[in-house]
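Just below is one structure, and these are the notes that go with it.
The chains carry the letters A, B, C and D, assigned in the order they are written, with residues numbered from 1 in each.
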Amino acid sequence: MIVVMKPNATPEQIQHVINLVREYGLKDHPIVGTDRTVIACIGDKRAVDKGAIENAPMVEKIVPILAPYKMASREVRQERTEIAIGPAGATLGGQKIGVIAGPCAVESREQLLQTARAVAEAGAIALRGGAWKPRTSPYDFQGLQAKGLEILAEARAETHLAIVTEVLRSETVQQVAAVADVLQIGARNMQHYPLLEAVGKVDKPVILKRGPSSTMEEFLLAAEYIINAGNPNVILCERGIRTFEDYVRNTLPLAIVPALRERTHLPVVVDPSHGTGHAHMVPPMCLAAVAAGADGLLVEVHRDPEHAYTDAAQQINHHAFCAMMKRARKVAEAIGRDM
Amino acid sequence: MIVVMKPNATPEQIQHVINLVREYGLKDHPIVGTDRTVIACIGDKRAVDKGAIENAPMVEKIVPILAPYKMASREVRQERTEIAIGPAGATLGGQKIGVIAGPCAVESREQLLQTARAVAEAGAIALRGGAWKPRTSPYDFQGLQAKGLEILAEARAETHLAIVTEVLRSETVQQVAAVADVLQIGARNMQHYPLLEAVGKVDKPVILKRGPSSTMEEFLLAAEYIINAGNPNVILCERGIRTFEDYVRNTLPLAIVPALRERTHLPVVVDPSHGTGHAHMVPPMCLAAVAAGADGLLVEVHRDPEHAYTDAAQQINHHAFCAMMKRARKVAEAIGRDM
Amino acid sequence: MIVVMKPNATPEQIQHVINLVREYGLKDHPIVGTDRTVIACIGDKRAVDKGAIENAPMVEKIVPILAPYKMASREVRQERTEIAIGPAGATLGGQKIGVIAGPCAVESREQLLQTARAVAEAGAIALRGGAWKPRTSPYDFQGLQAKGLEILAEARAETHLAIVTEVLRSETVQQVAAVADVLQIGARNMQHYPLLEAVGKVDKPVILKRGPSSTMEEFLLAAEYIINAGNPNVILCERGIRTFEDYVRNTLPLAIVPALRERTHLPVVVDPSHGTGHAHMVPPMCLAAVAAGADGLLVEVHRDPEHAYTDAAQQINHHAFCAMMKRARKVAEAIGRDM
Amino acid sequence: MIVVMKPNATPEQIQHVINLVREYGLKDHPIVGTDRTVIACIGDKRAVDKGAIENAPMVEKIVPILAPYKMASREVRQERTEIAIGPAGATLGGQKIGVIAGPCAVESREQLLQTARAVAEAGAIALRGGAWKPRTSPYDFQGLQAKGLEILAEARAETHLAIVTEVLRSETVQQVAAVADVLQIGARNMQHYPLLEAVGKVDKPVILKRGPSSTMEEFLLAAEYIINAGNPNVILCERGIRTFEDYVRNTLPLAIVPALRERTHLPVVVDPSHGTGHAHMVPPMCLAAVAAGADGLLVEVHRDPEHAYTDAAQQINHHAFCAMMKRARKVAEAIGRDM
């Protein structure tokens, strides 16, 4: 890390900061420039609260150099992590792009099975569907819960799709992990650390959704929590961020795909359903995500979106999903990948 | 709610939407304008997923009219809610502005007691201090935990300050509530619904911090979760939002104070420590929050910020806190309130 | 537009608003709902300042229904506008995707000609290059100005590429239009109305870049200014918006491509150079933009980015541009378009 | 500036960067840390495009140390700049807080004079009023233009208020400067450099409004343009930024007041009218701005906001303005200033 002093810092003030730096166990390396003095600190420890030094007199700012995550970074692991997903041998993070599709919520046995069959036939590798739903309003439909898990298991038995479903609280991690092939941490829980630690102790892969106002660094630190607790199989999912834009539910920042691939070895998938919030934008953004280099897609598909219980505006129907898959496969080939 | 049809919608398409509206139990009221038809829907139910209708052909958009929160709104309760805080008869939400102050984290007995005495003498009504700390990195200091609670209780016994401390997970709500006078829900957990429901079942007031990318509506819906679970004593806390600004840790949007006072009867406090992230901006923003009409302040104060374990850049020292309190009292008088 | 009254509005207060609505030349249509009264206003005129009514007592909010732009909208023109670009018969807005490429700034004759030849060979339809540069700092390189125009003309003579260059002020519109095939309005000037009106009086196509904090509606209203002044040939360019993200110069919100195609008949191009700010993200985001349905790309290409005078971090070299073009052509085919 | 190399950079790659640094006329100072090498560059020139070095192989990032503005900074001038405003000896930037008030637009002689008298009596030092109006839509009222200037001059003659009015284009700078006491550069034009240079050549003070997505650095660089062109009398005006918040027209980030006071010697005023967009929030945010340390306020006041031509929702009436002024004066006293 670099400590930048204000222009008129006295030698005593500079020495005071150097003493602080040493107190923190770092080696100081002062550089006297034309306009001001900066102090490079070697041995930059990830756990030091750099802010403390900012309080010293005449410190202008602290500039961190080292990323605070470690095990999620490519510094620690150069080769990409390929994660096995479910019963049929599919993976995420390899040459082949994988699609996870299904309704926002499990609403009924018939509803889920119909969509499971449709997405399996179109080439999805996994079925998504919420059994417990985190809802912004306490008056909204909260999911079929344990019954929803049973229906998901039945859909897997029939279609051999892997099951991806959200876990909302640490108390139900075991219950959900007993059925699900992949646990999903929702965007609202990206920084709910007790839950991150709980899924870190399970031997199922985890899809971690980026919080709508998380920086890339916070996103990777949340993954680090899971890996640090013992589970290396983390799949990062971009699902849109909150900005001033009002024609979308969220702004989908696809440049995070190449940015993450540069910094981490973990697979990256994109959720254009939450990432746009409107069904007509979902297929083009699926194609764009594939073209940008995503390892997979997470897409909300409903047999009858006009009557969906939740997130209805952003679910696409079976027909639109099939059409998208055909095009996405060609885009994957265009960039030298399979799907 | 209002359904806006696209300009060239046919009578059949309009009728299809009217049928959907009726299916949802609403009364339709179509209005044929010069450019397009809109369908006003009466009996606008809070639990209907309005998005579903957006999927019907030739619907341009759905415009909600009714706010989705109820018990938090001034429609249900006109008079302001005044909430008793702790052992010494202080309140938040009345004529008197209350200040909650203390270190980010409980670091040691001596550290907490020194600051408790200092803020009590300067006129604070409550002591804040984290026993469990939610940290962005798994490698950072995570708090003294149960030991921290004991130290907080000791500080109350000596100073008669109310104790405000954060609860991180539903499993520890009872443990924390046994000591704390006010439970704090952190910004990262504003939409962690299991925790909101857990603190909704406790008879201690709750300070609910706004998530850094939450809309005002989402903020009030989170309060609604707590009230709906049985606890009407919710104190709303603005602590800054995430924007493109880079000279602050968060952007502190003080206009939410008058905006909330217009919409809700709940008390509103402001946290300029997280709301700016830099100690030198904290005192002026404390004064600004009081001038804007806040019912209280939440301020991080440390005896030696250069050596604080957490959030060091934003903690002010005892001296700065005392000086701020003197000025804040005068600002309160200037706008006709006490402090 | 819809006027929403507060819950306890009296009949007199409602009548006062109805009178105001009539005063503004609109027909009122009050609807008494279960919770509140709304007043639908028919004949919604685009020029009325709806805000005025918000000041009337007990008005909660005004909800506009009609988009404020007209000539840019698909309501007025259903078929897509295809715009001829330059001397060689290329177009933007049709079946064929067009690429505009070249250095950020014209730095020298040799520099521009080398890059012009390289991008022409790789299949670009137009050459970009700034003669006047708007720079954030007054101490930065401001461009070769008139000399830069001459060099651009020479490059066209040799390569037959169309010339795209920015015009910074209304006084130089004629001078630039005498050479350029397409005038570019930069993001900083998207709402500089005197300049929009000036390019609206010229018979050259205009590329209008979206301002970094402009809503889609403001973007289309800026296009409306140009069309309204007499020039229907406006090409919309998304170049990234300002958000909290710090791993990019701007966040590139590609969902605006399908969103704009739904609302306007004008061609839409994407600039992944400004849209990311880092060379390594430019090629994948070019492919993503094509997959999302863009009509064209605007890409900064430099023969030696390490020595570029301006925007150096985001310029790609000739080799990277060629490689991207080959892949982009395949992505275009994958979605049924040519390039 | 600091160049951070990636972890596995070879000695040759590091030497290549050192050579580039020297080529740019800087002195290199490499520091070999535990995880990576960084190269501190001394003689950090403000005009070098640091981005160029980012393109060199294995460079991770460039960290600027020096602020790119100079004459606007407190490094160059420690004492605060106090700027004389208009005919009656008022100033901005000194001990006394000054209020500029008046309608958004000059609509008629009678309208302006009534408001001029009202704000003068309440203690304003200057009258604002737009003669030319930059409007988001080409169909909106564009101002009385030259006639508006005449009316403003008449109001000054009667009330002795200084006249503050916006200049929209470089061609009319002389015409406006012949009447106005202070020229206003609107937020949309904050980076319209030809206009900044034009007002930099005039001997009237300039109020420069921050663009809605400008960083503090860009804001100060825009001021630098004006100072660099010859006019040192720049008054900075915060008027709100664009964020995801939807209960306000803009988010008003008052922490910029102490942040600017730390970095620049120029006076800082706040515009809570544009900064909130809703009349009922304007008075509390005026008080908050004063408490935060602003040197002045810019407030839209209209005799009859229900019938205002422009920005109607955010204009307050004469009565609300008087009441605010009385309270603001007390808040000013509370923090040790006059008004």
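Observations on the model:
Here is the rule we use: a residue touches a chain if its C-beta (ideal position, glycine included) is under 8 Å from a C-beta of that chain, and two chains touch if they have at least 3 such contacts.
If you're wondering where the values come from, they're calculated on a predicted model, not measured in any experiment.
When the C-beta contacts at A-C and at B-C are tallied, the pair with the greater total is A-C. Relative to the C-alpha centre of chain C, the farthest chain centre belongs to B.
Rounded to a whole number, the gap between the C-alpha centres of chain A and chain C is 30 angstrom.
Averaging C-alpha coordinates per chain places the centre of chain C 26 Å away from that of chain D. Between the Cα centres of chain B and chain C there is a gap of 38 Å. Among the residues of chain C, those in touch with two or more other chains are 213, 241-244, 246. On the chain C side of its complex with chain B, the touching residues are 2, 4, 7, 29, 31, 33-36, 38, 40, 42-44, 63, 65-66, 75, 242-244, 246. Only residues 213, 215-216, 241, 243-248, 251-259, 262, 275-276, 280-281, 284-285, 287-293, 327, 330-331, 333-335 of chain D touch chain B when the two sit together in their complex. Of all the residues in chain C, the ones that touch chain D in their complex are 20, 46-47, 49, 51-56, 62, 68-69, 134-141, 168-171, 188-189, 191-194, 211-213, 218, 221, 224-225, 228-229, 241-242, 278-279, 305-315.
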